[in-house]
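Some structures to go through are shown next.
Here come two complexes built around chain A, the first alongside chain B, the second alongside chain C.
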Partner chain A sequence: MTELHFTDVQRDCLQELVNVAMGQASDKLARYLGTFVHLQVPAIALVEAALLSQHFASRYQQQSATLVSLGFFGDQGLRGETIMLYQLTNVGVIAQLLGYSDDAVSEAEMLTDISSVLTTTFLSGLAEQLENSFSYAAPRILSSRDRDFADKLAYTAEQWQLALQVDIRYQLTDYSFNCDMILLIPGEAVLRLRQTLDNILADF
Partner chain B sequence: MQLDWLLQPLLTQLNTGVLVLDAQYRVVFFNQFIARRADVDLAKVQGNLLEDVFADLPLAWLRRKLDSVLHLQVPAFSSWEQRQYIIKLAHLRPLSSDSQYMAQNCSMLPLTAPDGVSRYICLLIEDATDAYVYQQQLQQSVMQLEHANRTDGLTGVYNRRYWQQQLGYEIQRAERYQHPLSLLLFDLDKFKDLNDQYGHQGGDFVLIELSRLIGSLLRDTDLFGRYGGEEFGIILPDTGMTGALQVANRICDTVAQHKMLYNQQTLKATISIGVVSYFEQSVDELIQRADTALYCAKRQGRNRAVAYQPELEGYLKKVK
Partner chain C sequence: MALTALICDDSLLARNQLKKSLPSAFDADIITASNGAEALTILRTREVGLVFLDLTMPELDGVGVLEAIKADAMDCLVIVVSADIQPEMQKRVMELGALAFVQKPATADKLADVMHKYGLI
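Showing the complex of A and B:
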């Protein structure tokens, strides 16, 4: 297996592209949702997927969370999956955020709707930065609030082995609403991503 | 090779609904899939607002979704699992599905015209009715399994495992809300004699008949289970000792007066009941005390209810 690692230059380049995509997403989301959306500077790491669940279990210790997954595909074999993590005592916040009031909207639907908006807005910006474009699968709820999400994540992670993990926290100030996004790019696609980064770097 | 000619026949044959809207959500195009299932003619409705073409849309929700596609230029999705359908369309399984309308997966995609300015939205609608039907069947099976898993096969009351589990929950609830809770444990008197006289089928008949009779005397919230053999338990939530004794006596009297007809013979049976009220005992302690009271009811001549008191323990030791 080819050694999967990023040089400092490659990592900086990716970090920069992610930052730009985040800035754009933050701006678009703020206008659409009518509230300030703060995206924290992401942590980028190449991780063993098996350790992922531990990482998040320690962060969400003894609390239940909802996971929503959304897969994407681009050209040149670039593909991945985002997982949104929510810890909500009250999904009413999302209903307000999305402007759902007079409709019967289920909790599951609110979660998939907000996930789709938050992730695809960021990802389409990232695709643009990578001179690519993504197509998306419909978001799916991986676990509901009462299930142990670490188990679920461990199960999901089995399919990834080694993955590029980009960890982004969304904070919506007006609604005191937080969620985390993990962007996972599986081993094979990381090689393609690295190639893309090299091409971009060569252009400078 | 020139492939443009493919487009029209493909759109017509495609087993997916294609519906295109402009930025004002007016209908620009839909393919045959939608035209046939919604029974509308594109030429007649082209340029009309979406909601004027298709009746009963979840409009507020849908507009918000379409807004996100238009303003964020990202796709939006809707799954039949969350929202069974968006547009009322006929489906091809009218006989084998209990749903009148097609279950739909819908992707809403942003489109830009070649002029680079005009924005459109393309809705792709897939028929998920099969998945919907299978899931309904699965849910039904799961419900049947859950029912079977908590039911005693012979009498139809709860089985021991489920009943005892519920007792644990009721104890927690009583503890948390400081509510009273009582437990009846009863046993058919001289069940062995019944079996000897009428055979095991006769014994089974009595168990079924009395379970039905006693069940009819209980509230919906009471939990009636078969503890084993001819021994049964009833959990009485929100009931103190006085209430529990009343219930127990009523059950005793009703059973004693009840005549059962089995193979042209009239049959009668009596039961003995042990009654205990919850006071910080464990599940096992509670059952143990009810059992002690039940044993005393038997010793005192059967066909009666006896409330547990600590003194009974001494009585039990004496007769042993």
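Showing the complex of A and C:
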């Protein structure tokens, strides 16, 4: 883990890039939902991917949750996966707002659509700042109503060494709608990312 | 006497980026603050002509700073430099008296354009 360590300055740099990309994603989400999104300072943390599934399994134990994951591939070995985790408490309200019917199939479709808006906008904003460009794999959806939710989450996390956990609260003006976004990045891509951050920092 | 300009942003990168991207023709003493509360303390004790203000910040956010500037009728111009680009937010800060809105990341071109437009350079 130590070789994947970020200095305070690298961390601040990454946080600002995430902040800018998040602003773009929120703007898209706000237009998509026809409402205003309150932006908060994103809490970012670098954690061992192995610990992630435990963390989220306990956080979502009491309520139903859905996970949508999207793999991304960039130049120079920069790649990873984003996971969006949704608490389903208010999903029905959002479904109504967007005109999806109130059943499990439509719910999955809606969350895939929202994830796609959020993650592709976020990732392209991030890629642009890193002077990179990403291509994407097909999204994968997983519901906590599936009995092996925790196992599947653990399996996903196990493939990666480092997780950049970005807790984002997308709080809408009229609706409570929270989701967590997690960026998972493998070790060699973390080294690449750190190098890119150093290059950006050297310019300023 | 040169103008004093304040850069208020919680990110060190953003502050450095902005400082370095300011037009060379802009003759000012540059000071910085890393959140809204710090900015207000400076604004209440020093004469600041221009503020570059981020919105999403801990302690006190940019909207809070604009509200305080308006409430106290402080004599300074504010250029908002933010990643929160939603039209409703842009409208809100303009209504609170901001001079202009610059979308992050603040590049030299964007800053030169807006500062030229308002006669700051």
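Assume the second predicted complex is superposed on the first by the 175 of 204 C-alpha atoms of A that agree within 3 Å, B and C clash if a C-alpha of one lies under 4 Å from a C-alpha of the other, contacts with A are read in each partner's own complex, and residues count from 1 in each chain.
Operating definition for what follows: a contact is a pair of C-beta atoms (placed from the backbone, for glycine too) under 8 Å apart; a residue touches a chain by one contact, two chains touch by 3 or more.
On a predicted model such as this, the values are computed, not experimentally measured, just so you know.
Student: Name the contact category of A:37: first (chain B only), second (chain C only), both, or neither.
Tutor: After superposition on chain A, A:37 lies in contact with chain C alone.
Student: Check the residue A:201 against both partner chains and state whether it touches chain B (first), chain C (second), both, or neither.
Tutor: A:201: touches chain C, not chain B.
Student: Have a look at where A:121 lands relative to chain B and chain C in the superposition and call it first, second, both or neither.
Tutor: In the superposition, A:121 contacts chain B only.
Student: Show me the chain A residues, by the header's touch rule, that chain B contacts in one structure and chain C contacts in the other.
Tutor: Touching chain B and chain C on chain A: no residues.
Student: Give the list of chain B residues in touch with chain A in this complex.
Tutor: Residues in contact with chain A: 58, 60-61, 64-65, 67-68, 71-79, 81-83, 105, 107.
Student: Please name which positions on chain A make contact with chain B in the complex.
Tutor: 28-29, 31-32, 98-103, 105-106, 108-109, 112-113, 116-117, 120-121, 123-124, 135-136, 138-140
Student: Which part of chain C faces chain A closely enough to touch in the complex?
Tutor: Of all residues in chain C, those touching chain A are 10-14, 16-17, 20, 55-58, 82-86, 88-89, 104-105.
Student: Enumerate the contact residues on chain A facing chain C in the complex.
Tutor: Against chain C, the touching part of chain A is residues 9, 12-13, 15-16, 19-20, 22-24, 26-27, 30, 36-37, 39-41, 129, 200-201, 203-204.
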